[in-house]
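Chain IDs A, B, C, D and E follow the sequence of writing; residue 1 opens each chain.
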Amino acid sequence: MSGYLPIALMLVVAALIGIISVSVGFLIRPRKPEKVKLSVYECGMPEFSDARQRYNVRFYVIAMLFVIFDVETVFLFPWAVSFDVLGLFGLIEMIIFIIILVFGYFYAWKKGALEWA
Amino acid sequence: MENILSILIFFPVVAAVFIMIFSKSGKFAMWSAFIASVIEFILTIPLMTNFDKGSAGMQFVERYYWIRSLNIDYYLGVDGISILMVFLTTFLSAIAILGSFTYIQKRQKEFYVSMLVLEAAMVGVFCALDFFLFYIFWEAMLIPMYLIIGVWGGQRRIYAAVKFFLYTLAGSVFMMLAIIALYFKYGSMTGEYTFDILKISAMGAQFPLGFQIIVFLAFFFGFAIKVPMFPFHTWLPDAHVEAPTAGSVILAGVLLKMGTYGFLRFCLPITPIASIKFVPLVAILSVIAIIYGGLVAMVQEDVKKLVAYSSVSHMGFVTLGIYAFNQSGIEGGILQMFNHGIITGALFLLIGLIYERTHTRLIADYGGIAAKVPVYATVFLIFTMASVALPSMGGFIGEFLVLVGAFKAFPTYAGLAALGVIVSAVYMLWMYQRVFFQSVNPNLHHLDDMTVREVFYMIPLIIVVFWTGMYPETFTSYMHESVKALVEQLNAVSVAMK
Amino acid sequence: MISNLVSIMPELLMTIFGLVLIAIDVMTRKNSKSGVGYFGIFFIIIAVLASIPVGGFKIFGFGQTLVWDMYSFAFFCVFAIAYILTTIGSVDYLRERDILKGEFYIITYFSIVGMMFMVSATDLAVLYAGMETMAISMYILAGFEKKNLKSNEAGLKYFIIGAFSSAIFLFGLSYIYGYTGTTKYAEIAQMISANGLNNFNIKLGMVMMLAGLAFKISAVPFHMWAPDVYNGAPTPATGFMTVAPKAAAMGAIVRFVWIALEPAAAQWQLFFSILAVLTMTYGNLVALAQNNVKRMLAYSAISHAGYMLIGVVSMNELGYQAIAFYTMVYAFMNIGAFTILSLMKNKGIIEDERLESFAGLGKKYPIISLAMLIFMFSLAGIPPLAGFMGKFYIFTSAIKSGVIWLAIVGVINSVIACYYYMRVTIFMYFKEPEYEVTVDMKAASFIASLIAVVFVLVIGVFPSFFMNIVKFMIV
Amino acid sequence: MLVELIFVVIKILVVITVLLLGVAYMTWLERKVIGHMQVRLGPTHVGWKGLLQPIADGLKLVAKEDIVPTMVDKPVYIIAPLLSLIPALSAFAVIPFTNATINLFGKEYHLYITDINVGLLYILALSSVGTYGIIMSGWASNSKYALLGSLRSSAQVISYETAMGLSLVGPILLAGTLSLKGITEAQTNGLWFIIPQFVAFVIYLISAVAETNRAPFDLPEAETELVAGFHVEYSSMKFAMFFLAEYANMYVVSSIATIVFLGGWNGPFGPSFVWFAAKVLFLMFFYLWLRATLPRLRFDQLMTLGWKILIPIALVNVVVTSIVLYAIS
Amino acid sequence: MTLQHYLALSAIIFTIGMTGVLVRRNLIVMFMSVELMLNAVNINLAAFSKFLNALGGQVFIVFVMAVAAAEAAVGLALIITLFKNKPTVNADELNTMNG
């Protein structure tokens, strides 16, 4: 457990640095809000509409692919660590696993999930 | 000859499939169905002639493995009781099909297919010697009958069909549970798991009383609905009235008999002790059915409904006779079953053919038609007389034997039942008077008499009615031995109980 | 190592074939996607034939976490049947709605892999993995018709409640793991027989876990998703969903009860019997009130889960066999019914699946109506149709184990159920049509319903062969 | 125990200080190096050779007005920069930059902060958290540029994260551990993993550049089309924090590359820390070099490169490595 | 930190998640609540795994996480397809099939 205590401390320190550096200028920085300054940037024009509109679904597809592939990658890590212990059977199993992954990958490819045009 | 029962069961099915596939017109369907049913009837004749009347056991036995994992066999056979029922079934089916030629105007093909399938299932019920097989046939009758009532029936046909179906099903599912229970009970007692009706029957007396009572009640519930006995009879008027003629004929002629057949075949031998314990219940319900059915019939305005309620009354005699537990009572009951099938079937056919002409069944719409349709009036009179049990006609012998048997067993009930005979005379004759005599209803100017075809199918019925009335020995000789064996078994049990 | 591979050989084969299907899907043109399904049929038949456990052998794999035996095989047959019928029967429906995509078949195919893991699992981890493989595929299937709001809703509802139920399942599982120290069925059984079931936490875990499984079989009171999902999903998908996942969850429950709960069987009998009674009764009573046949069949699917649960309650070999047999029979009759239902079309006046659509069908389309009649009466359990054999088997098992009251409740329910199945036939045969309805029977659907009808009849009359398939050896 | 704790805090403070200084002077170096490459001088006025420029920039940012536009989702808007910075800094908790030890009160202590057996996984996890900062900032700003920038950025980051993760599997196979110290030690008496895993190294390097949104993969902040990307609405220290996070992340990925592929602290002679720093700085220089050399990719090219080229190669690399490894052993 | 502490924590998180699913009507929030429940399970498994000194629980967590990822992918896809047809994420508006 002791290995993780420094990490917790590190997180705390990092957070403190962040918070402090945001708030340190609080006393000295000017504060002159005005309407135009407080509007969001849109090439200098008054803002047109709310920005949170529907956007390209491809971003979503990419996110989905990532979730799947990344989690599959996670399975590779423990396998790689204990590769020696698992031996041939582990290798075969992981190759099967990767084959399934590859099929899914090429399927996504062929279906155009990886295209961005 | 050894496969005659299978042939009897499956020939109509084959014919039905044949009709379904090859029939292009209704006419073709109806003629081929008729021919098939006549062949079926002809096939029963060698069955009757080759039957060994001197034996109480099962004959023409067939047995093949069917579902080995549960020891279910394809097991058929007939004894003196069931052979008469098989005869009745094939006989009435042929006549009912012939009687539908003009009555059924729409979707003839389907109708005749249903009739043939129904016939096969009915024969199967009477021949089955394996509980499971029996139950299959028993339930398989429901679908064609349901369709016959529902598709070709009268105004309230849907209601009637559903009611018929659900009542019967409700009764029979408990029977199924009883059958399964028997299977395990017999298995645990002997180590042999089987659905063999004969083997289980032979063990009947040894089942513990509590178990017998449960099984008896389950069976009783199923059969009483089918008979129908007094509190369970409400489906019957609806079903009979709404069904097409052929449906009513089969319903009254054969289906009702299955209930009483079930009592004879299952309740008595398998649960003898419980049966003896429940004699008062059954006897009282029978007497109520006889009198109540008669009284209700008296006030009916619809001829068909009247006949339907008369069935309740007549079937009361059957159950009364069976539960007398003596030779004459049971034989009378069986004979009454047979006769009731013929007579009520004929009455329904007659009502059907006049309905085709007038499209009404209300007594008030008729009157004085005897002069217009003399042949019809004569035939109707014959069956009315048979129904009120005029001596020399079929009905008399049956009711007489039942009453003789019942007097031996329970005189009070028998006395009350005898009242029922009088009631039946009242309502039948009164009905006959109102329909055929009195003043002519002005609406009935064009009324044709019976056609040759109609006369042709009434003749065999008339012959049988007189035959059973004059010379019942022809039929009773078949059942003597079987009934004797049954009575002996029951006596042994009742002696043991004392 | 070899035994490991052999023990998952069927699943492995199915996976490989599934991957091949993906390749085929990618390579076929848009208008010939049904080929993917047909290849799937071919593959699944090969897989079934290749995985028959000759002589009733039984192979444990991966440290006794799963097993391939006759019992798994019986359920594999059920899944294969469901797949084959759904595939053939769905082609026309999917093409009509413009959702004939290879994915439909691929997802169905992979869901079967999950189901196979479920029934052959002897370890909770494997069970969970299989269950989720199945469930996730099912969410997609339910929402497969992307442009149809109903289908979207079905998919989402199924998803939210399905995920919720798996979370409950998992929470229970974690307790069982924590307090017994194992996830293997056999070791759980040892723990129970050693210590009894007095530990509250284990009991809680069991209840939560079984509740999670009960969600999957749509047992009351965990059924609330079922009607909407079954109603909204594309009809062939519904047919599949009412059969295969239910069979798989049943198989999993049976194996769990059979091995892990064996020492405490008597205590769990009550739990399952309450579940069974509620499920049957609720499903049937609500089905009575439905005017949409699809929804009615959805509720009937709930009630059928109740009948199957009777087999669990029996806690004897016969009951477990009965469940396998029942699911097999149910596959034929229910998918058959859904195939026909998927063909009903009227011109936008009322919903296609309304009861009124069936009015007068008997006259207009006699063959289709006859098939529907057979399915309905089979579902109702009228002999000599297959449905009766299933019910008979179930009730036999119940009586054998002495829970006669449950059998009585069961038969009363089947009588009630009869009424709503009959309503369909009433409309088909006894009523005149009010709306113009067309049934566009193409070759594929015809073959699917024909297969179903033939098997419903054949199993009804000659059940021996099929009963022998579900005969398995006890552990 | 207390001593240990204090020592750890000191180590953390030192590391963070060094890191922040490194970040600050990286900005100076960047301007200088790129300036010289483009035959300019870069900053010269503040201090000798402009050496105080980063300090001046920092002070300026602190003193600037902190504009929070009216339409933003305020809590998210404020948390977003923190969420970028904290993971970037925290990643250094597990980086073993030297094998030197120090003896305090009779007990040996490492100079790096800590070593855990899942160090690599920890860093990958933290870098995923950083994505939240980006997407939250874009969403909270309620600006079209910011939103599009953040979406692009997160799409890019997650796309290359897969390739990056896969490319690390090969070295892990060789080392047999996820501990960064363990990986370094595995290279002490053998080849650096860059030799057997050169393919993985290249993939990792490309992914690392993309991960940190650096040129030529700096689409999220492409000035010409997106103005500044996801942090367009940020000013003052909040803006600075995104900046800090970006450079800190560059240090993180360079350190990982050093440890996993370049042997970490291992060197033929001299103190280990120097070797480590030299390798990291070389990689940092490489970053600048890239920025000065390569034009920006189009977004579809970027995605194609990530998904269609790097991932398959990385997968093949994993399979080949494992098979070869099995064959050898 | 005894086992009970972990169990209590996970029970609380689980309850929060469960309440979230049952009470909230925003589909996304409901989905997130489900994920919360899964994480409660993970805490349980990790705690048990630690105190039983058995690795099984931790392996299980990887399972759960993988499944949760797949579920997320599918679930969000379903929400998106719904949104295309009917711009809502309110569970109460999923009422096309009432009955």
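Throughout what follows, a residue touches a chain if its C-beta (ideal position, glycine included) is under 8 Å from a C-beta of that chain, and two chains touch if they have at least 3 such contacts.
Predicted model, so just to flag it, every value in this text is computed and none were measured.
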Which chains sit in contact with both members of the pair chain A and chain B? C
Starting at chain D, figure out the least number of steps needed to reach chain E through touching chains. 2
Which chain is in the middle, if each chain's centre is the mean of its C-alpha atoms? C
The chain pair joined by the most C-beta contacts is A-D
In angstrom, rounded to a whole number, how far apart do the mean CA points of chain B and chain D lie? 93
So, what's the distance in Å between the C-alpha centres of chain E and chain C? 25
Roughly how many whole angstrom separate the Cα centroids of chain B and chain E? 64
How many Å are there between the centre of chain A and the centre of chain D, using C-alpha atoms for each centre? 14
Two-or-more-chain contact residues of chain B, please, as numbers and ranges. none
Going by the contact rule already set, what residues in chain A reach two or more other chains? 70, 74, 88
Can you give me every chain pair that touches, using the contact definition above? A-C, A-D, A-E, B-C, C-E
Can you check the complex and tell me which residues of chain B touch chain C? 66-70, 107, 110, 132, 135-136, 139-140, 142-143, 146-147, 150-151, 157-158, 161-162, 165-166, 169-170, 173-174, 176-177, 180-181, 183-184
Which part of chain E faces chain C closely enough to touch in the complex? 3, 7, 10, 14, 17-18, 21, 27, 30-31, 34, 37-38, 40-41, 44-45, 47-48, 51-52, 54, 56-57, 59-60, 63-64, 67, 70-71, 74-75, 78-79, 81-82, 84-86, 91, 94, 96-97, 99
Residue numbers on chain A that touch chain D, as the complex places them: 3-7, 9-11, 13-15, 17-19, 21-22, 24-25, 28-33, 37-42, 47, 50-52, 55-56, 59, 62-63, 65-66, 69-70, 73-74, 76-77, 80-84, 88, 91, 94-95, 98, 101-102, 105, 109, 114-117
Of chain D, residues touching chain A in the complex: 5, 8-9, 11-13, 16, 20, 61-72, 78, 81-82, 85-86, 89-90, 92-94, 113-117, 120-122, 139, 141-148, 151, 154-155, 158-159, 161-162, 165-166, 169, 172-173, 176-178, 227, 232-233, 236-238, 240-241, 299-300, 303-304, 307-308, 311-312, 315, 318-319, 322-323, 325-326, 329
Chain C residues touching chain A - in the complex, by the definition given at the top: 1, 4, 12, 15, 19, 22-23, 25-26
